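A, B, C and D label the chains in the order they appear, each numbered from 1.
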Amino acid sequence: MIKFDNDYNHGAHPAILKALEDTNDNCYTGYGLDEWCEKAADDIHKLIKCPDAHVHFLVGGTQMNAIAMEAMLHAFQSVISADTGHIAVHESGAIENTGHKVHVMPSVDGKITAEQVRENASYYIENDLKEHMTQPRAVYLSYPTEFGTLYSKKELEDIAAVCKEYKLFLYIDGARMGYGLGSKDCDLTLADITELADAYYIGGTKCGALFGEAFVTTHPMIQENFRNYMKMNGALLAKGWLLGLQFHTLLEGGENSLYFTINAAAVKQAERIQAALREAGVEEYIKSQSNQVFIRAERKLVEALQKEYVIELDHWLDDDYALVRLCTSWSTDDKDVDRIIEVIKSC
Amino acid sequence: MIKFDNDYNHGAHPAILKALEDTNDNCYTGYGLDEWCEKAADDIHKLIKCPDAHVHFLVGGTQMNAIAMEAMLHAFQSVISADTGHIAVHESGAIENTGHKVHVMPSVDGKITAEQVRENASYYIENDLKEHMTQPRAVYLSYPTEFGTLYSKKELEDIAAVCKEYKLFLYIDGARMGYGLGSKDCDLTLADITELADAYYIGGTKCGALFGEAFVTTHPMIQENFRNYMKMNGALLAKGWLLGLQFHTLLEGGENSLYFTINAAAVKQAERIQAALREAGVEEYIKSQSNQVFIRAERKLVEALQKEYVIELDHWLDDDYALVRLCTSWSTDDKDVDRIIEVIKSC
Amino acid sequence: MIKFDNDYNHGAHPAILKALEDTNDNCYTGYGLDEWCEKAADDIHKLIKCPDAHVHFLVGGTQMNAIAMEAMLHAFQSVISADTGHIAVHESGAIENTGHKVHVMPSVDGKITAEQVRENASYYIENDLKEHMTQPRAVYLSYPTEFGTLYSKKELEDIAAVCKEYKLFLYIDGARMGYGLGSKDCDLTLADITELADAYYIGGTKCGALFGEAFVTTHPMIQENFRNYMKMNGALLAKGWLLGLQFHTLLEGGENSLYFTINAAAVKQAERIQAALREAGVEEYIKSQSNQVFIRAERKLVEALQKEYVIELDHWLDDDYALVRLCTSWSTDDKDVDRIIEVIKSC
Amino acid sequence: MIKFDNDYNHGAHPAILKALEDTNDNCYTGYGLDEWCEKAADDIHKLIKCPDAHVHFLVGGTQMNAIAMEAMLHAFQSVISADTGHIAVHESGAIENTGHKVHVMPSVDGKITAEQVRENASYYIENDLKEHMTQPRAVYLSYPTEFGTLYSKKELEDIAAVCKEYKLFLYIDGARMGYGLGSKDCDLTLADITELADAYYIGGTKCGALFGEAFVTTHPMIQENFRNYMKMNGALLAKGWLLGLQFHTLLEGGENSLYFTINAAAVKQAERIQAALREAGVEEYIKSQSNQVFIRAERKLVEALQKEYVIELDHWLDDDYALVRLCTSWSTDDKDVDRIIEVIKSC
């Protein structure tokens, strides 16, 4: 059964498997101190136009977020996040487990604003009782958000300015970075993101790799002992070259690399599905800007889709309509999309 | 300058100091294994009609709350609290520092409802993604609340029933317990609270003692290693008898003891102030039920009060009105209240 | 350059890569809830003759050890380990980071004895000041140890008996389990280990897999919420089937499976090297029982080896002799060993 | 029964109780922001000749040590301690509970050497695998040690020099500081200690106060957010003035203050007991330098002492001899000592 329920239901782009095979007879130094990690870091350095950034390769997003926060925050400090942020809802309390509070802000379409950050930060940091309160020291954003929406360059600049003013680290969860950068609504480059954020990651698991995420940080304090934090959290992969090799395969060639082309293609497929839905009069739940399409689907459509596909039925909004997520990915092909469009049209 | 800003600005009831003096030449076993702690535990056992409850004496409320949560919760578990709960706002992230998330609910007059607890608990505990989420395992209430209001017996029973249904520990922060029990609106006894809650504490610091809080728990799992949790958190006072002695002085005689009389008197004084305010047309911010009076005070009144008293000016609500808290305590006497009533009348 | 310095310097057994390729076009449910994880768990259930054991697949050993300890231990509890145990030296304080003390015992050849465990446990658990002390609740062993040695069945039974007596969980780090089971000195089966230990893992990363470790536990308390602990620690791999698929490839067929044959072959290669060294008069530092050979190597030999191989030079014992580790692995072939034997002979 | 088993079995010096009584009718600002804390900090500033040191008052030693370590150490960092150090044995894993490893060194008479610190620090900090290891960042000493012995100025200077070299914070647990400074073997002043250590505390609980310890730090990084760390750990006493008042009572007048006279007197009493023991041919277990006397006591002596006194019988060294601790304190008077000397002589 074809799965449109998420973007991590397939293995890897064939080029990744080929690279693994081509190098399988070689032997490498462990723990990320190998030539492939170096090459992949070089690829990233060129892409972000920042040769001094530190690059580390980790296995998954939850471990990445928790380690980044542990490296950024002192024990009494906290992080600001949208109420829909992954760290706020779907990481089983990983951030709190490292000892830190997540200050949750109401979000619109998965996004928070510079004004909200300012209000929250100033409330805590300028409070007479500040010694009785956690102190915000980081802002967590996701790009694209959990709802597939994008911060504009202007929005991100505004948030970054508030962060600077209140000495907050700006951290961006880029689990789906490829789909963000591949959107026609994206007015940011990775170089822009590097300039605005103190740390972020370029997602691999959902964007063509078998597994793996590339962490990038330009801030000396975060850079300093990051590998110790990784090891302490079981995130220093023994065969680190497996990660470097995958990211080199994806990112060699910069903005013309596999990473950019396959993920942009996935967004295009999402747009095709969206267009078909619009035509069929199905209501968008949130205006999609990347590879995730959220709709208010009538029961009939839900049932028709479920007959052929695995979809994410988030919950029934009322007796007749459900919130449904359809996800494309780098592995989605024309044929799959042609057929789902037919199903949509037939409802 | 007389302080009406809080209820911990005075030393101790004279009987406490006398007891300290009377015993100062004796020597005692340390760490709470002394005769006074035993006597005080006996006093409490009688009062709550539950001889099997475990009683421990700690120094302060923040350490109490954090230790109780550490003893109740596994690493991935969390606690539900009102957004105004002390653990949610004024403990510098103590609960998160022990690794646990605080699920914050909107409150009305400092209180949350059984229905809110059910909604939150069921959302997390029955969720398909429950393995990706913290799991609520405790509910934190304060009695009286941070706004001086009281849960009725019925409200508490309803919450306790939901807790039983969802296997949540019910924990009550009784920093101001004496003022709650001393209110004319209180329809609960300590015995009732013991029956409904799995653990709670009887506040001393704010209710007549020099310092100290008495923790009570009837749940075997919380009882089991509580002294280890206390020691690990630096809360096993070397001279533990100082705490036992104070609580014995306060609680000997049960409901006729000092603890009940001095704190009920404080609530009476708050009622007198409240009556004067009402007469003077000053608007209550929240209807006080214990020793804290919250008002919408006009600038003129604020200034008049500030000339003679230290008051808690929470913040200016607008150009003309401020949210002001006036606190009485066991140390408040008639003369002080007579005079503040005059000031109020003169505005 | 050929690497004899460790056993994680190669990719994966070709059968693993083939399996990844064969399934790359399929799509799967995430987070370990897929058919391959089920099949691999079945393989393990048969092998260990214990259908009720819970099986989980994780990415690496450090995360495995820390999560297991977090699931086993209450905040004030601790774990007993050899001073050479991986958790005691090479995990950047991962166990302490989860809040737990590691009680370190002096070891002989990487092993500790039942008597040592009894002494340590009884000292803490029966101490008058036990409430002032961490309380041991788990024993950490590695099989094989970090020095390639093996506990005999009798030794393990004795330790397990002490664990039962003092209510300690027995946990075995099996990062190199395949090389232990493949040793001619091994008098244990995985079924024996399952009976004796409360939890352990079957190492994949060092034993033929691309990456991954299989956790096995028979204890209800550890089983209960293990996936929450995994998620909270970023160890619930999104594409979990990648782990299940690898372990199914390795373990299908039980004791005749790939896992057993390729790792036993590696131990044979180590024996050949050992024999050559013995013949050449090189002193063993520790009598190897699996795939790691530790020698007191004269400078001349060190230099000869380093010319052709990457070896692990632990440190110089004196002016003339160094402690050197030579590791074989499932990827070591006859030719490599033939040649290193020649080098040894020539010194 | 008179207690010679420890130095925290009595209330407070009468001057402390008097001060509490004299101020009991006043009201004060909470959380250490009061006039008495200011006065006491001034007393300390003069005494240590360092007006820029930050001074905070806490309730007990275990909370002090854990908070100091939490403020000094990043998550992956650790602290070096003697194996007999209080943090290593008697705090129920408080340091590990905040996430940090305690590197334990063998001690002689409760002391470790600069050379040991250098060896340990250099091993970890200069290790090729340092990213896989906790990194020492602090040294914990006690003055006097848990065995009543004293570091000489030279020994402390040597340790401080190694700390500087390896960027380790030097922290001194001064639970019994008064007895150290009151010893005839002491060649240090508090001003010296302030110069050599980055942080330390002046013990009150065991040295004349009812309860309380005074933390002193000269290091900007430790100073920065210390009150947040205190609050987060439940160590910001609501009625903070109770602590300031006690320390002002003890320390007003500097080296001629109560603190110095009453504690020096206690050491004199210990010397008298020691002399009597020596005369009676009883073997010292460790040569006492302050208020604790450790002896190898024959059964007959043990029994004679136990008939009239509570003593600390640590354990039986063999069939006939026990390790016994006799403690004097500020509350020990001539009469008690006269009588115990008689008992000793009579054996």
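The rule is short, and it goes like this: a residue touches a chain if its C-beta (ideal position, glycine included) is under 8 Å from a C-beta of that chain, and two chains touch if they have at least 3 such contacts.
Just so we're clear, the structure is a prediction, and the values are computed from it rather than from any experiment.
Student: Spelling it out: a chain qualifies if it touches chain C and also touches chain D; which chains qualify?
Tutor: A, B
Student: Looking at chain pairs A-D and B-D, which one is connected by more C-beta pairs in contact?
Tutor: If we tally the C-beta pairs in contact for A-D and B-D, the bigger total goes to B-D.
Student: Just the number, please: Cα centre separation of chain A and chain B in whole Å.
Tutor: From the centre of chain A to the centre of chain B is 43 Å.
Student: Please report how many Å separate the Cα centroid of chain A from that of chain D, as a whole number.
Tutor: 51
Student: Any idea how many Å lie between the Cα centroids of chain B and chain D?
Tutor: Result: the chain centres lie 33 Å from each other.
Student: In chain D, what residues contact two or more other chains?
Tutor: Residues 75-76, 91-93, 97-99, 131-132, 134, 228, 231-232, 236 of chain D touch two or more partner chains.
Student: Can you name the residues of chain C that touch chain A in the complex?
Tutor: 2-3, 6, 8-12, 14, 17, 20-21, 23-30, 59-67, 91-94, 97, 205-206, 210-211, 228, 231-239, 242, 310, 331
Student: Which of the residues in chain A come into contact with chain B in the complex?
Tutor: 75-76, 78, 89-93, 96-102, 104, 129, 131-134
Student: Give the list of chain D residues in touch with chain A in this complex.
Tutor: Residue list for chain D touching chain A: 31, 70, 74-76, 98-99, 130-132, 134-135, 225, 227-229, 231-232, 236.
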